[in-house]
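Scrolling down, you'll hit the structures one after another.
In the two complexes that follow, subunit A is the common piece, with subunit B as its partner first and subunit C second.
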Partner chain A sequence: MQLASFIARRILQLIPTLLFILIVVFALVRLLPGDPASAMLGDRALDADVERINRELGLDRPLPVQFAVFARSVATGDLGDSITLKLPVTELIATRLPITILLTLMAALIAVVFAVPLAFVAATRRGRMADSAVRGAFQVGLSMPVFYLGLILLTVFGARLRWFPVGGYGDGFLEHLHHLFLPALTLALSLSAILMRNLRAAIIEVIDAEYVQFARAKGLRPRLVLLRHVLRNALISTVALFGLSIGTLLSGAVITETVFAIPGAGRLMVDSIYARDYPVVQGLTIALAVLVSLTFLLTDLVQAWLDPRVAR
Partner chain B sequence: MKTLSIAALTAALFLGGLTDASAQDRGGVMTYGRYTDSLFLDPVLNDANVDIWILTNIYETLLNPTDDGLGLEPGLATEWALNEAGDTVTLKLRDGVRFSDGTAMTAEDVIWSLDRARNPDNGIWNFVLASVDSVSAPDPQTIELKLKYPDPTIFSALSVFNTAIMPKAAFEAMVGATDAEKAQEFAKKPIGTGPFMLDSWERGATMKLVKNPNYWDNGADGQPLPYLDGLTFEIIPDDATRILKLQAGDIDGAEFIPFARVAELQADPNVKMELFPGTRVWDVIINVRPELDGRPNPLSDEKVRQAMNYAANKEALVQVVTYGVGTPLSSFMSTTTPMHSGDGPLFPHDLDKAKALMAESGYPDGFKTSILTIAGNQDDLGISTALQQMWAAIGIELEIKQVDNASRTDQYRAGTFEMRTGGWTNDIADASQITSYFAYSPTIDALHSGWKNAEVDALFEASQKRWTRPSGRNSSRGSRKSSTRPGRPSRFMKRPIPWRLARM
Partner chain C sequence: MTDAMLEVRNLTTTFGHGRLTAVNDVSFTVRPGEVLGLVGESGSGKSVTLRSIMRLTPESGAVAGQVLWRGRDVLKMTASDLRRVRGGQISMIFQEPMTALNPVLPVFVQIEENLRAHTDLDRGARAARARELMDLVGIPDAARRLREYPHQFSGGMRQRVMIAIGLASNPKLLLADEPTTALDVTIQDQILKLILDLRDQLAMSVVLVTHDLGVVAATCDRMAVMYAGRIVETGTVAQVFAQPNHAYTRGLLGSVPHAGTERSMLLSIEGTPPPLGALPAGCAFHPRCDFATAPCRTTLPVLEDIAPDRSVACFNRAAVLAAGSPI
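Right after this comes the complex of A and B.
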């Protein structure tokens, strides 16, 4: 019951957040220098053509009117048509966003698979060789630029060893997974470095706590102590950090999608900003805002499960 | 007087392991790596090069430019003629042309396509046919264009992508109330007379073209063209990844090869790296308005601009930016433009002369100014940092401002920029288009520089309404002479068109 009201409360909080995002994104894209017609027509545009196309797009109308039209269509689930691609924005989001979500999920999974065991190794062998090696390796992972790391992986595992395709997305789910592995790994490395450092510190803090010493003194098996008492408690802050990092992962996907030639939402967003394609930028921002908000909600739920005090 | 020419490159980049067409191998699919996807496949309403390069595979025009870009050859029309008065064009349509859906191309399709292309409400390319008063068909195989005034560019205009022939009935059968709405539907599955047709299109990822089974032309072996079964375009935005994919053999060809990689790829035995002449011109545009932002503009001083031109070493710029692939320009247009003239370099590098001109100018102690470049564009950065050093020698402090393209276009169109890097490729095989933008002030204030010369404007206008040869043209010479005379500090860089895939 408590949990249900917690979820309901959080979803209600989402509504003003989204409304706020709606206004901000509407204003922000229009504050950018230039307009869709001149961005589309480029350097050779004639004034008359720019005016005609902006009029056709309804961009000559007063801003409050434009916002009212925009807000009303969003309320009915219509995000308008892309100015450059002449396709409904909802259709574009439906085809491009799942690719980015899959990439982000794979990256998050890989990051966790790397970070959790290694954090344990480093924390339980604090100050020893294994600890230094793990931390050193992740330092490198953290400081390497994504585009550079991506190219190295592509060259070695794609072009040379032929284990993975050199960029692209492929056809069918299994091929998608195959194509997305290297980009997900690229994205995951820096995230897992952050998670690993955080988790290692948390484990070190918990491992010396009195309740853990008490659990050990009770004679519980060390494995059980680590899993039930140490990990569960150490994970609380890491889960929060992980949730926050999803937003960062989504923005990191922009560069990764470019290097690995993946037709995801990140690239669509960048292209649309450059083209001043207002409807796409607005629609994608709203979709991403919902996505990130849902991730935060999920994070809170996991935290509440780990530490019931959170939901109170 | 408004621009700085940098250098010209008479080469273009094409890269790949393409099969030699003369061997007449048939079948197979060519996979080609593109830097970005197309947007909208309508020849009349589209605006972008990325569309044009695909459209030329799907649609065809009445006439085609020759391979060197300097002349015309038959397309969907086999004969073309102009009457004595120069106001009526007659074209004979090719027999047996079918659209990719199997229906025959008729004179009605041609009239409708040209009328749609010249409608002032449609797109931004209707100016190409501005001289046309009416289009009619005296008989089913003949098309007649009545002109409002003699137009020396009319035949070239009939080879421009927006005058491509589309099927009237199929287009009008689309759902939608307006031409634009019908075009949105039609462009999802275009029907043309070209050698290929659109099979599938995953936005941002892959576009597949397959051979048009109804294509009219035959190959060297007497069998119908095209030789290939299909063309697959893969979108690979990152230059390094695109080249890696080519070297790995995943794709057969790639576009937009950075100049820095040309020598490396020429040495690669698995890759055939070809350079061919293009119409690309690179320039630096100088705002010559007397005041900018309420302050006097030193760039309005002609002596200053001449000094800047002499101080800029174009040979060095060609080396820095293109690794020696280009050549300094001898005119503001490329040597591949019909009626190009000029044989010597404009403003050959001469630092003493530059210093002397600065001393004579209104700014003997130099000044501060800025150049707008595209953030992340290595070529822009190369040009601007080199110019920064070259102009420091004559007391000019150059600030490099990096912005995104739309922001730059905004300042450009408003005329509030000081300088910017610029580029040009011809759409029409004629000198008139580039001249109308670079020199003729009514189009866009001579590249929004504010430069205006009444004599140039008058000469250009006269050249656009007069034939000096019945079947060709050479009349814009006057306007070009005046715009490239020594007082005009033009310095341009010409660069290759990356690729042209019009005829496979």
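Right after this comes the complex of A and C.
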């Protein structure tokens, strides 16, 4: 089966990708100015103490050995301990990352819910009022900085109308959703503008395609022609763009979480960088990179499902 | 002509709010079981004519006149009546099967959706009918190939798939828009033969749009020659080939190489067809015509019946006739 072998090949490709991520993270931490020992002990540390810490951390051994030790501990799920919070990094990630994932998923969902129907409206009423209105509104959305948009939404819907909480995460899943709605909307807007433009262009291209004419010549209902022959084909390129945007969405979450005071992985990342908490930065980088790689894998699989020519 | 299945009357298709007239006052009939060839250079309006019959012109196009299908005007039908005619009673196949088949759907889905729209067959019967259609158009290993996608077929096989889709619901008229132009010559013959065989088996009529007079000679009963959106000559294929009455038809015939005869000079028609937005006054062909006289430059010749089933729109048809057929 073509699809099965495609999936297998695609999963095998993950191995070198993950290895590469490990090497980059390993190198990055060692290239940063200042060494971990003096970061831990402060500026007035004694040379002897620095040496002792370095020996304890294994930093006096040759680089390949260090990498092997590092890779093995990552593989066994040990990402070390946070220097400032004195907690295992895996535990920190386990509590903070799901919040960011939920935020990102909500944002992605909101973006799609906005983009797909509006792209349809704009494309099928090309050049008319509805098209101009949709495109104009999204142009505004696209050109507004995330933090500014977040602040406006906070002021209007949070502080003034009190429909949504102004910050935090709440308890229980429903409360989480309630708390994350405004930040997710903030995050979603520019993505949905990009998706809308892309999908609108794709629909316009597909709608004049010969196979759409042929589908109409078969006497199919307009709805079937639009869903099966237009939308499905137009979605192929938009799905690819959507998958690639998830990475951007995750980094956008860093800003959004700061504006809305959400205790997610983005906030943790910013705090850890300021505190030079290298094990956390390192662990989070690996976790996020794996997350993005898996998203790309998923994107490829969806694309292969939509377009059988991909899986060759 | 009460025996006509399809009667096209004064069909006129314009684009851009009447600025461009792609099809101009075109009338013709199609009788049960016959193959009518619609011939002309590219841009002569033959494809637009076909699409106008099915109301498949782009949104910017306006179609006027009458398209009487078994006495009912297709151009005035409600959307649901039109859907019953499209694909169910009149089918259309396109020039380029690679672009006319949806690349991301298995062939089976593309056949089945036609059956679902026009028949009461249940799921199992539709699957059986799909296999039967694949056999009918000569695609071996039907069960397996139905699961494949268009890109897995060769050019000729793809055109067979398109014909299978077109024939799914037993239409009475097949509109074929240059069905063999994108194919190799040897494959062309197979596909044309297939269309003729199917016409006999299924007792349907065919309108075949082509620029290739060789194809017309091999397949059609009657032909209509189009130039710059108008029909300039009609007749049986034998009549038109033996005695072209219009200078343009004569020019077209002269440009066909024929095997088996003595080597002769291949004639070509000088110049190119005029752009539809800037047609010359009078007969649109006069700037390229060897027979043109003063009236041709000022007055539009109307299509006149010169015999039953035979008509021509040319002031100098006597001179053209006297010049003889180049074939």
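Keep this in mind: the second predicted complex is superposed on the first by the 278 of 312 C-alpha atoms of A that agree within 3 Å, B and C clash if a C-alpha of one lies under 4 Å from a C-alpha of the other, contacts with A are read in each partner's own complex, and residues count from 1 in each chain.
The rule is simple: contacts are C-beta pairs under 8 Å (C-beta built on N, C-alpha and C of every residue); 3 or more make two chains touch, one makes a residue touch a chain.
All figures in this text were calculated on a predicted structure; none of them were measured in a lab.
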Check your understanding: Which partner does A:Leu306 contact after superposing on A: first (subunit B), second (subunit C), both, neither?
Key -> second
Check your understanding: Of subunit B and subunit C, which one contacts the greater number of residues in subunit A?
Key -> B
Practice item. May I ask you to decide whether A:Gly158 touches subunit B, subunit C, both, or neither, giving the answer as first, second, both or neither? Key: first
Exercise for review: Examine A:Tyr211 and indicate which partner it touches, taking first as subunit B and second as subunit C; both and neither are also allowed.
Suggested key: second
Check your understanding: Can A:Thr84 be said to touch subunit B (first), subunit C (second), both, or neither?
Key -> first
Review point. Once the shared chain is lined up, is A:Gly283 touching subunit B (first), subunit C (second), both, or neither of them?
Key: neither
Study note, to complete from the structure: Contacts from subunit C onto subunit A in the complex sit at residues 51, 54, 56, 58, 79, 82-88, 91-92, 94, 96, 99-106, 113-114, 117-118, 149, 151, 162, 165
Practice item. Under the touch definition given earlier, write down the residues of subunit B that touch subunit A in their complex. Key: 36, 39-40, 47-48, 121, 124, 180, 184, 187, 202-205, 234-238, 240-242, 244-245, 247-248, 250, 403-407, 409-413, 422, 437, 443-444
Exercise for review: Flag every residue of subunit A that touches subunit C in the complex, lowest number first.
Suggested key: 208-211, 213-222, 224, 228-229, 232-233, 236, 306-309
Study note, to complete from the structure: In the complex, subunit A touches subunit B at residues 32-35, 38-47, 49-50, 52, 56, 84-87, 92, 95-96, 147, 151, 154-155, 158-159, 162, 165-169, 258-261, 263-264, 267-268, 271, 273-276
